[in-house]
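Next up: some structures, all given as structure tokens.
Both complexes shown next keep subunit A, but they swap its partner, so subunit B is in the first and subunit C is in the second.
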Partner chain A sequence: MDALTRIETELRSRLGPAVQGLSSPQPGRLFVDVERRALRPAAKALIDLGARYMVGIGWDEIARNGTIGLAHTFAFDADHVAVVLRAAAPAGDPSFESITPDIPSAGWSEREYQDLLGLTFTGHPKPKRLVLADDWPAGVYPLRKEVPYNLEPPAAEDVAYRLDEAPPGTTVVPIGPFHLSLHEPEHFAVYVDGETIKGCDYRGFMTHRGIEKLCQTQVSYNEVPFVAERICGICGSVHACCYSQAVEAAAGLKISRRAEYIRTIMLEIERLHSHLLWLGIAGHLIGFDTVFMQAWRVREKVMWLAERITGNRKTYGMIVIGGVRRDITPEIRAGIEDVLAALEKEVLELKRAIIGDSAIHRRTKGVGYLSKEEAVRWSLVGPVARARGLRLDVRKDHPYAAYDDMAFDVPVADSGDVWGTLVVRVLEIFESISILRQALAGMPAGPLLIEAPEALPPLRHGLSMVEAPRGESVHYVITGEENRPERWRVRAPTYPNLQAVPQMLLDNQFADFPIILGQIDPCFSCTDRVAVIDAGSGRRRILGRTELEALSRGPEAGRSRS
Partner chain B sequence: MLAKIARKCFPRSLWVYHCNSGACNGCDIEILNILTPYYDVERFGIKLVGSPRHADVMLLSGAVTRPTLPLVRKAYAAMPGPKLVFGVGSCAAGGGCWFDTYNVSGGGAKAVPVDYIIPGCPPRPEAIIFGVALALGLVDKKAAPVEMKQVEFPIDMYERNKAWEERNVIYKVLNT
Partner chain C sequence: MWLASKIKQVLMVAKPGVVTLKYPFAPHPAPENYRGAPHWDHTKCVGCAGCANHCPARTILVRDLCQEIRVLLYDGARCTYCGRCAEVCPEKAITMTPRFEQATSDRNDITESLELFMLTCGRCGRCYDMEKTNAIDKLGLTGYRYDSLEARTVLRRATDTFQPKELDRTERYERPETTGD
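Here is the complex of A and B:
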């Protein structure tokens, strides 16, 4: 019995007639329509079968049939299957039963749609605002169709975010929105007892730029990849590739093999530069600036290479729906091979220096520990999960582009701490170099772009996953009627990983906060793409470091012991 | 003129505060990149500092989002005068491709007075260094008037492709 049949039988036997429809339009994808009341039991059934929660997607269909849709996506990595559970609620009563009590990593997805679509989730353990600012007027849901994309409500005074109740006897240390260890505006409130972290509340989504709404209302299919690249300046072509694949899957397009190889090359070049970047930043965060300088010096070669291939150091603009825009010519191929040879030598030296360095060992071993079971519970992805002994890699589990032709290892560490993520990332650099060599050697001839039909079929659903340097990116596309996606949902790897950071911080030293957060290689701009933020707490505290006085919220909670 | 004033106001090392008001990280890593061995701005005395209270210059990257608008203003107010603000990248210049969405207020000028703009998406590290050096009067301006450059567009592909030209109003204006 293959995996699809097994999942189908299990769902039908558990839910009976609540399963309204079941289809598998693309290989390895199962779309299940369930009744609204059956969403939670269905999600529970999938988790019991061993699924990993990916992301929730909400969309507005009020104008079409008076409902708001909600989908939860799950991955069966060992079976190479992804399942989409879809349900709909009438616009007059847009409530669902929360699945967060069963699946903690669904918490943010549900809070996001509470903000953006006005859905309500009964039984959600923390139904606070996530994406929209606290001074955003109630009742205005930006992802609903009737709300124009450029409606910007005026700021309101005196609306502050209510931090979580601090554990008794702790002091609150605000970090951010602008802070040395965060290169993006985000706000963490860390509850400390002396030097030990006892808890953390996160108020982020300050770089929410409304990209999903923008692309659903203003631009056309083939302009979206360029906006998608600007979701994140580091893993831009991951987003462009993932979006293109989702549209291709929804519309049933098959691109040429050569284009798939070129996509693979671009994604691996991006991984090379991103991992070297992370290595440098990690060194910087633990106060070892030599690593920062050396890693970035080595990385510069990759940037020049990217410029030679695409004309830009970042935001390559290579990947569009139907293929790629530029070819890898024989001259460029020789250039790539030279760079790879030089890079391999230098990274090897860097690796030797890092692996044996006792300062790095002491700052990273046992820091930010999370067990394998917790990692499964929080649906961690990418190097953060692989450092916890989970062999998760979309390139192996759900092959895309040309990865089915590549032979490579997935480095896994079981130390469960920052050291593990460092080792995994360093080893992945060598795997990337090997994949690049294989891709260059095995690249078949063929066209770069295929002719797409004049209009793509509307209202088809497509799901695509790509292994970004930080983990799995998920894009969900519903094709639309006006030459643009009806709904486009982006989930970056930081989205699930960041939800587990409060767990990782528990009982660690406050001084390790930057590197514990840094181990997930946080990319807030990816995570926040659609959303807004907290002016309240931010307005009070701009400089975490220089204003380390206790953030006292009341005589009983604000007692300082330090 | 401004360069002269800048030279007078900032005669010694320049301490720079990097403020990300909602960027995609592209400009931010290029700003970090100028510290690293290939570009090494510290040889010009330019140093990145962690607090606006220590800074002479603010490098503003990214579109100013609705929630960060008051925060950027507050960071600017914390800087001691005389101070300069550089908008790095297209987003800081005018808001970028999402300049008018529901959560973006616009370019850096919406929040603070931006003195110089370094264009690019993201600008190259060389461009950032050049921009700062230009503002300080360390180098001369190398830009030619825009219309001269446009008329002498050297790629004849565009000349052949009349349809392309007709779609672009600027060429129509220049050719008549």
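Here is the complex of A and C:
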């Protein structure tokens, strides 16, 4: 019995008539429509069958039929199947039963639609604001169609996010929102007992740009890839490719094989420079700047290569719906091969020089540990999951582009700590080099771009996954009637991984905070100044250097220590 | 173990030596096919507005100042250099130059504007490009007259310091009912 039938039988036997519809318009995708009340049991059934939760998608259909839709997506990685559970609630009573008690990584998806669409989730363990600013007026839900994309409600001064209550006997150390070495503003309130981390509250989404809303209202289908590229500072091709694949899947377009090969090449070049960038940053975070300098020196070759292939070192603009924009000419191919040969040598040298360094071992081994069971429970993806013994890789599990033609290994470590993620990433660099060589050698002739139909069929759903350097990116597209997506949902790999960071931080040393967070691939560093928030009153005062020195010298000046 | 690693690291660092480029003190030209600032060739442009239509950043504006003059304004401040305009241009009037040093304190440095002389279609009354000759010839050919004081002020200003505000005014400007005579 194949996986689709097994899932179908299980859902029908558990839920009976609550399953309203079942379809598989694309291979490896199963769309299941269920009644609203059956959403939680259905999700539970899929998790019991061994599914991995991916992301939730909400959309506004009030103008069309008076409902707000909600879908949860699940992946059966071993069976190469992705399941979409769809349900709808009337706009007058947009409430669903929360699935977060069963699936902790669904917590953010549900909180997101609570903010953006005004859905309510009964039984959610932490129904706090997630995406919207603290002073955003209540009752204005930006993803609803009636809210204009450029709405700017007046700012309020006197509202603030209420942090979780600190566990008794702990002190709050805030990191962020603006931090010396943060690439993006995000706020961690870390609860420490002495030097040991006892918990953490996270407030992020401070750079929520409303890209989804913008692309659903302002630009047209083939302009979205260029916006998608700017979602992330590293994985531009990943998002452009993932979006294009989602639209192609929804509209039933089949692109040429050569374009798929070129997409593969772009994605692997991106993985190369992303992993080298991470390696450098990881070295920097543990105070080992030789790694930082050398990894980035090696990485620069890849950036120049990308510049030669696409015309820019980061925003490649290569991938559009229907194919790619530029060809890999024989001269460029020779250039890629030269760079790969040099790169392989240099990365090997780098690996040999640092892999045995006990300074790295001491700072990474056993740090940020998370067991395999927890990794499954939190639906971790990418190198973070592979360092916990999970053999997850979208390139193998749900092949896209030309990955079905490539022979490669998925490196897995079982140490469950930061060291594991480092090993996995370094090994993946060599796998990427091998994939690139295979792709260059096996690239068939063919057109770059296929002629897309004048209008894509409206209201079709498409789901696509791409293995970004940091893990699995998920894009969900509902095609629209006005030459632009009706709904476009983006889930970057950090979305599930970050949700598990509080778990990884538990009982670690505060000094290891940057690298524990850094293992999932955002970046942090320590600071020369701290802000102390009084957990009771929420009042904040900033301590300067002299005060800090006084604090550290006078034992009674410090806060209570157990 | 530790010492062996350190020796390897010293060798790894010593071998490439200094890799920092001399740029900006020595020039560092962009590679071939680089997508730098776009440039419009006014002799080729037919004013179809395809570039404006496909610009993901919405930084190309096309407006009709009056019946015969169509203005194309490219504001580089918002450009993402994706090269989509050059790709969709049917006349290949747009090239992506290798210019990348675009930082400036004056927005006009990275703004391009074209005034295209269009003819009126005898049937539908819409305008279209005449011939690809020089602008002075076009003036005579199209029968263009400064028949409105308002249009003249707008045009004068448009030529050297083009302001998007002026475009707003021209939106409200009432077009002449008949053209030429």
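One rule holds for everything that comes next: the second predicted complex is superposed on the first by the 521 of 562 C-alpha atoms of A that agree within 3 Å, B and C clash if a C-alpha of one lies under 4 Å from a C-alpha of the other, contacts with A are read in each partner's own complex, and residues count from 1 in each chain.
Everything below uses one rule, namely that a contact is a pair of C-beta atoms (placed from the backbone, for glycine too) under 8 Å apart; a residue touches a chain by one contact, two chains touch by 3 or more.
Values in this document were obtained by computation on a predicted structure and should not be read as measured data.
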Exercise. For A:325, is the partner it touches subunit B (first), subunit C (second), both, or none of the two (neither)?
Worked result: second
For this session: For A:314, decide between first (touching subunit B), second (touching subunit C), both and neither.
Result: first
Problem set entry | In the superposition, subunit B vs subunit C on subunit A residues touched | B
Exercise. Touching A:391, do we find subunit B (first), subunit C (second), both, or neither?
Worked result: neither
For this session: For A:230, decide between first (touching subunit B), second (touching subunit C), both and neither.
Result: both
For this session: Kindly classify A:290 by the partners it touches after superposition: subunit B alone (first), subunit C alone (second), both, or neither?
Result: second
Problem set entry | Partner chain in contact with A:162 - subunit B first, subunit C second, else both or neither | neither
Problem set entry | First, second, both or neither for A:209, with subunit B first and subunit C second | first
For this session: Check the residue A:352 against both partner chains and state whether it touches subunit B (first), subunit C (second), both, or neither.
Result: second
Problem set entry | subunit B/subunit C common contact set on subunit A | 226-227, 230, 293, 297, 300, 315
Seminar exercise, completed: So, in the complex, the side of subunit B touching subunit A is made of residues 18-30, 32-33, 36-38, 50-53, 62-63, 65-71, 74-75, 78, 96-98, 100-105, 121-122, 124
Seminar exercise, completed: Interface with subunit A, subunit C side, in the complex: residues 1-2, 4-6, 8-9, 11-13, 16, 19, 30-35, 54-58, 80-84, 87, 96
Exercise. Quick one: in the complex, what on subunit A touches subunit B?
Worked result: 133, 142, 147-152, 155, 177-178, 180, 183-185, 205-211, 213-214, 226-227, 230-234, 236, 277, 280, 292-293, 296-297, 300, 303, 313-315, 523, 525, 531-535, 538-539, 542-543, 545-546
Exercise. What does subunit A use to touch subunit C in their complex?
Worked result: 218-219, 222-224, 226-227, 230, 290, 293-294, 297, 300, 304, 307-308, 310-312, 315, 317, 325-326, 349-350, 352-354, 356-359
